Amino acid sequence: MFDLILRGGTVGTADGCYEADVAIRDGRIAAVGTGLGPACETLDADGRLILPGGVDPHCHIEQVSGMGLMNADTFETATASAAMGGTTTVISFAAQAKGQRLRDAVADYAARARRGAHIDHAFHILISDPTVPDLAADLAALAAAGHRSIKVFTTYNIGLDDRALMDVLAAAKSAGALTCIHAENDGLIGWTKSRLLEDGHHAPKHHALSHPRLAEIEAVERMCRFAEFLDTPVMLFHISTAEGVAAVRAARGRGVPVWAETCPHYLLMTGEVLDRPGLEGAKVMCSPPQRTGADQEALWQGLARRDLEVISSDHAPYRYDETGKLTAGPGARFDQIANGLPGLETRLPLLFNAMVSRGGLGIEAFVDLTATRPARLYGLPSKGRIAPGCDADLVIWDPARQHRYDENDLHDNVGYNPWAGIRVTGWPDTVIQRGAVIAAAGLLRAAPGQGRWLPRALATLPTGRPAAEVAYLESET
Amino acid sequence: MFDLILRGGTVGTADGCYEADVAIRDGRIAAVGTGLGPACETLDADGRLILPGGVDPHCHIEQVSGMGLMNADTFETATASAAMGGTTTVISFAAQAKGQRLRDAVADYAARARRGAHIDHAFHILISDPTVPDLAADLAALAAAGHRSIKVFTTYNIGLDDRALMDVLAAAKSAGALTCIHAENDGLIGWTKSRLLEDGHHAPKHHALSHPRLAEIEAVERMCRFAEFLDTPVMLFHISTAEGVAAVRAARGRGVPVWAETCPHYLLMTGEVLDRPGLEGAKVMCSPPQRTGADQEALWQGLARRDLEVISSDHAPYRYDETGKLTAGPGARFDQIANGLPGLETRLPLLFNAMVSRGGLGIEAFVDLTATRPARLYGLPSKGRIAPGCDADLVIWDPARQHRYDENDLHDNVGYNPWAGIRVTGWPDTVIQRGAVIAAAGLLRAAPGQGRWLPRALATLPTGRPAAEVAYLESET
Amino acid sequence: MFDLILRGGTVGTADGCYEADVAIRDGRIAAVGTGLGPACETLDADGRLILPGGVDPHCHIEQVSGMGLMNADTFETATASAAMGGTTTVISFAAQAKGQRLRDAVADYAARARRGAHIDHAFHILISDPTVPDLAADLAALAAAGHRSIKVFTTYNIGLDDRALMDVLAAAKSAGALTCIHAENDGLIGWTKSRLLEDGHHAPKHHALSHPRLAEIEAVERMCRFAEFLDTPVMLFHISTAEGVAAVRAARGRGVPVWAETCPHYLLMTGEVLDRPGLEGAKVMCSPPQRTGADQEALWQGLARRDLEVISSDHAPYRYDETGKLTAGPGARFDQIANGLPGLETRLPLLFNAMVSRGGLGIEAFVDLTATRPARLYGLPSKGRIAPGCDADLVIWDPARQHRYDENDLHDNVGYNPWAGIRVTGWPDTVIQRGAVIAAAGLLRAAPGQGRWLPRALATLPTGRPAAEVAYLESET
Amino acid sequence: MFDLILRGGTVGTADGCYEADVAIRDGRIAAVGTGLGPACETLDADGRLILPGGVDPHCHIEQVSGMGLMNADTFETATASAAMGGTTTVISFAAQAKGQRLRDAVADYAARARRGAHIDHAFHILISDPTVPDLAADLAALAAAGHRSIKVFTTYNIGLDDRALMDVLAAAKSAGALTCIHAENDGLIGWTKSRLLEDGHHAPKHHALSHPRLAEIEAVERMCRFAEFLDTPVMLFHISTAEGVAAVRAARGRGVPVWAETCPHYLLMTGEVLDRPGLEGAKVMCSPPQRTGADQEALWQGLARRDLEVISSDHAPYRYDETGKLTAGPGARFDQIANGLPGLETRLPLLFNAMVSRGGLGIEAFVDLTATRPARLYGLPSKGRIAPGCDADLVIWDPARQHRYDENDLHDNVGYNPWAGIRVTGWPDTVIQRGAVIAAAGLLRAAPGQGRWLPRALATLPTGRPAAEVAYLESET
């Protein structure tokens, strides 16, 4: 006797699709196939797709930004928004304040998430001050407890210099943690920004100029060299340029353990979105900025070849008012405007539309890049797949349903939708976490605190180093 | 009620492993999971792995070689050997004779396979004479009937020149067929071989010199350019060099639809194997030849990054006697010795040992590269995966069982084992095709003719061309 | 006592400019400097430049084309045209007919040049039939006699296949000759041309489509691999694409002895020139065809970095009438129109204008790429430089003089000027060969047969292979 | 009437060699050729070479090192040593102390050089503190006065961070000065050095480990990106790795205005030289350290292709006693030992031997890389060439003379010769500056203060940007 069976759907996985029922017991997938039953409850998935719940491994929730501004979203609002968009697992940040011990930072975020989160979650430990006592020991203890990734910046006021980056990467290697990096050259950005501001170029569109593409390219190359030197895995966040993809590809080709992601706003927007009247462009300001159509082509190509292995949202929520983007008022300069745009809820429908409904990458790539690979890379073996034993985190997608985004149709606390006016085909009808429906028919069915924190394993990231394989044969013949 | 359930094993897929039973009905996988049943019959997989049956997409069976010599193996012996080694699907060649119409060549091989094959099979149409009438029409009709791949050589006496290659690639594109290519520069090989023979360098080890690494590198680069020009998919067979991997990687990075494979004898042997007393080296002579340790590293790295997506056997069986390798007698020159070595039966144990037992690539990569990807690339959606609806082609692997290869322990008709003396850990205990055990406990349980011919779909090979995705957004905002 | 002194000019060399007189004795430069004298005769170069006479190492004179058509120019007309444009040395082709011995071909061209040439000259031995007897012996004898370069095609009806190319390259290496290659993929061109003609695309502009850029790219890559394999120098003629430059650059970076040139019509025309009314485009049809602005940028960049080391004219003269371009009449298809455009006379003024008058490469690069390097690469140490002992081949350039090209202002026998309408700044006022004025004030002063054949040394082409240098230190310490 | 004529020699230039006399008047080359005269004085160069005096653009003279230690050499001793080795022009450093205005630093060094220098000289302005007032204005004034190059470090205690580097590069661009960079990643070196010292690895050979090759590779890539962003020329000092050469080559291929040099100790020593008993290795300790034989091959290849355009000495003189290398005593750790080795006097004989006597690069490359290009790149048009109007800085080389270096045979104040035991063929017999013999027969003939400071022009460094050339044609047709 199963607890629940989803009947009549087409199961979509990273490896292919098949028609099967999915049976759930005790919150886990118990079986997939035909002839399953009986079950206490049945959900009809007829004519629709059953996909793994989305895994969004890069989002900012209830966090103070590098500019000192609190996110508009709490764990409660952010995870509600995620659930409504088909995402059942998020990894946000436990951000260390200057001088704060890492374990305290993690404890603080964990407590808040425990109370507020509607969906399952984990944390990247954001290290902004590597000079605190016991950093390496704390990191080792936290990793052992399941916090298996850290985040560092090469720029912003919380950016680390090269020596500190080396120290953190080495500590991460010892602890068995993956290091995620926001890689842009700080000096190049700072120099450019100063010039722009001095010359009176203050508009949101000048933000893009202040983060030159070479700032990303340089920092990506540098971080690949650091990973190469230490032979320790790094994840390069939000690649936005063709040359960034090429640098990642080149590093992987020489055996460097480097992974990379991009985001919907780099794949589907170009820098022109910033050039709107007044400060409207501020709604889509982010770092790195949106680039060109040629970059988009290179990013899609990188995803197709899996040189980029993840598409995350980089959800960074700030209201378009005096509490958020406009704290500096209606005459704000671009450097006074918080960076980021909301994306937790729109990530999957935008990508389903682009990759499946209108594009050629298909369901397999969609599932792989938004759920399966993120889960694997970040050490979440029970997430992101539809297989017996995995958590029953599932989404029933209606591939034909259309939706036109409006300015106010999201469930976060941001108050605007950067994709307003866009029409997508394909929609998450029903969202299930650990066997329980948490969203359906446009209504949230989960309660705050219902989400669980997920301890994580150290991801096994095969790099092809074949020493053992090559050597054995000679020793025996 | 299921027909058969495999109980107690760990299911291994390209995406991960999980503990589950596998239930079979009507020759197909009906369900995977726990709590399945009842079933007419049960097989115990306790403590062992349940993996997809191997898919070997490159092997020569009952075929006349380019040198005019018949393979030692018939469909009966070759597929018996494959089954004993855990492989349940093979793609061999329907080789066109000079002047022969393609449909006649295919009909001939199909008839022989239908009578002899123990396992499921398909054919690459080997085109040696593109001047026959109605080539394009025949190719279109054959592709429509499910023969979705062709094979051409750039060298040997059946090699095509560039113009003929263009014609065949264009016809393949029209027909919807994938073109597999043996890519080595014919002029460079011919020139070098002449020099060696003139200078009295006749030994098997000189065979390797006669196929310089630059012959492969050049032809790989050229075929990538042809695929780029026609924008039609090609599969480059048996890459053996580091530069070959790099050329494939570079082409894929610029969006060329090119795929590539390698073989166990390039991954686990170096060119030194040819340097044995007398003609013993002839037993492992093949084209391209085995290379160096540095090449092996590059090949493993290429597999880890999936720039190489397939490991096939390139089984090419000739006895080490006057009917095979030694037709020219004990004083044979290397150019008088048939190229190739048997590999259908040893491919999977050697790779399981190298990738799982002793290496770091793991079960997922083993399954992916030897079954899942070959099936997908060659248009066999019901093969290579463990998912409801797929053919119940399964192997129960004992990961702990050890075996030391002997000279005479294979089930083909070749009479020697090129891997004699090698000890492997991990062994295919029980092999199942479409729900029926075809090999178990070292005994073949299948009958000749039991294997079925597999019509194939045109593989969907995502290359990341994002035109639709990129464009749509601009048209709507 | 000197024979002649050029007074008051600025001497321009590949290494820099300086103000000095140039003194000549016995046809050679005797001294450069101030305070020279006395001399029998003085030429005033006040306010003007004294540059080496141009060396044009790639031009077709009195030769039957691959299409069987005789050039419009004889040695008499071609070299008159060259002299009027500031060029004092040409290397044209001694073209072997099918079945003809190389020595006979050379003797034939040498005899005609001896009678007709106004300026000094040498020959590339064009090998169209490597199957003739004694090819290697003839080549060795000819090289020893001073014919130190050969020319082969990879396409056209006189193109060689890969095996023949290997044979010729190996024979050239033995003989001590440099091999010049027209590198385009024959199969790719043939296939494309057939499609175009079948589909009724017959206009001159379709000629460009029939020589796809990938045909050049592929063949350049292949010829670099051949040079790498044999470790023998090759000169790649008329590179036209950015990827071609990149392939040359990559090969040189890995130590391959490869050199390359381009031509004014690739640097200063794009493919749009072919799209003129009627057959007018035929006047500028050549192979490879003109490409894009981005290719032009890459070519200039390649020249600046000296990955391309020569700018030749590839003068290929056919009249725009029924004896030349229009032998097939006014309805000619592009494949019936002889390829090539005149360039001997316009090469230097066009380049002086582009590189010196309007561009930033400067006099040094102009001299280096059009005289000094061609002379050095082709084994002509007495040409292309202004240094004591060198032949007194000098041009007095007026850097300020302007000229607007007209349709009928050239001194060849072609009857049209492909650059008509173009205005250049900088003009060769006086042209001197071996101390004698051969052109001045727009008048030819030389007589047919006055030019001499130049025996050539094997060029020393440093490639940086440092074996000796690196090794010696270890052996001594 | 000339002042002096060198008779009977073979003149060697970057473009070729020729037999000629060289006539001098008023300290400049007046004429080269035959039949020159009469002259007040004649020097016999029979059977020998007349080459330009060497230009050594990277040496440390009378300068306080980054570690606070004064060089062993004064201008007097260093330039005596240079002259004895055939070098007639040096560019050393005017090193800014922390807080010091640039003009004061330059005035200080200029005064000392004016008193002490035996040969002509110029300065790179070494910026260690870009926070001083009026930096940009001082730089502009100094550049206008002829100080046309600056030097910065990315590491050591005087290294600049990325933002400061951007500021300096931008100021240099405005001022019209070339920026020379010591490029190694400071964080990576610091991290590694700490580990080594903590682990008790204190020997000179551990110095090499503390400067990992990836530290150079990363910084070279980064500085190329900075030059690309600002489109301002940079000179990368002392490239030591194959990947460094490749990074320079790649940047130049995409049009970045970057130049690079290497030094004899990277070309002719490997890292093994550091592994000598006791502290003996300290004698050859430098940064970056010597590398491997494969790196040497890549460096020679880079020189042959002119991706590296200069070979300098990086003369950095410290005595092997308590005043120099051993200030920390006989138990010194590697980080307490001053970096550098003497090289002004040995640079040319070592390279003549390697490139001409025993190697294949030849006289032209020797002259080009050690005199002609350094002079051109650093804005010294009157140096480095043998042409009328140039300074009569000449060296009569005896190509056959042999010398075996001893421990005490140099004329600097260092007290040891790192090349002791090496035998070279080829020796500078007579050294002439501005027409006066300054060294001959092993004796110095110059007086301190005889050398002149050389104001420099902004070098014109052609990069191939062809905008003007490409555009003009379209606008006229």
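Observations
Going in written order, the chains are labelled A, B, C and D, and every chain counts its residues from 1.
Everything that follows uses one rule, which is that a residue touches a chain if its C-beta (ideal position, glycine included) is under 8 Å from a C-beta of that chain, and two chains touch if they have at least 3 such contacts.
Since the structure is predicted, the reported quantities are computational estimates derived from the model, not experimental observations.
Each step here moves to a touching chain, and the least such steps from chain A to chain C number 2.
When the C-beta pairs in contact are tallied for B-C and for A-B, the bigger tally goes to A-B. Separating the centre of chain A from that of chain B, both taken as means of CA atoms, is a distance of 38 Å. Centroids built from CA atoms put chain C at 50 Å from chain B.
Counting partner chains per residue, chain B shows two or more touched chains at no residue at all. If touching chains are joined by edges, the resulting network of the protein chains shown is one closed cycle, each chain touching exactly two neighbours.
By the document's touch criterion, interfaces exist between A-B, A-D, B-C, C-D.
Chain D makes touch with chain A in their complex at residues 161-167, 170, 185-188, 190-191, 212, 214, 217-218, 221-222, 225-226, 228-229.
Partner chain B is touched in their complex by these residues of chain A: 2, 11, 13-16, 18-20, 23, 25, 29-36, 246, 249, 252-253, 255, 267-269, 293, 296-297, 300-307, 353-355, 358-362, 365, 372, 376, 381, 385, 387-390, 421-423, 460, 462-466, 468-470, 472-473, 476-477.
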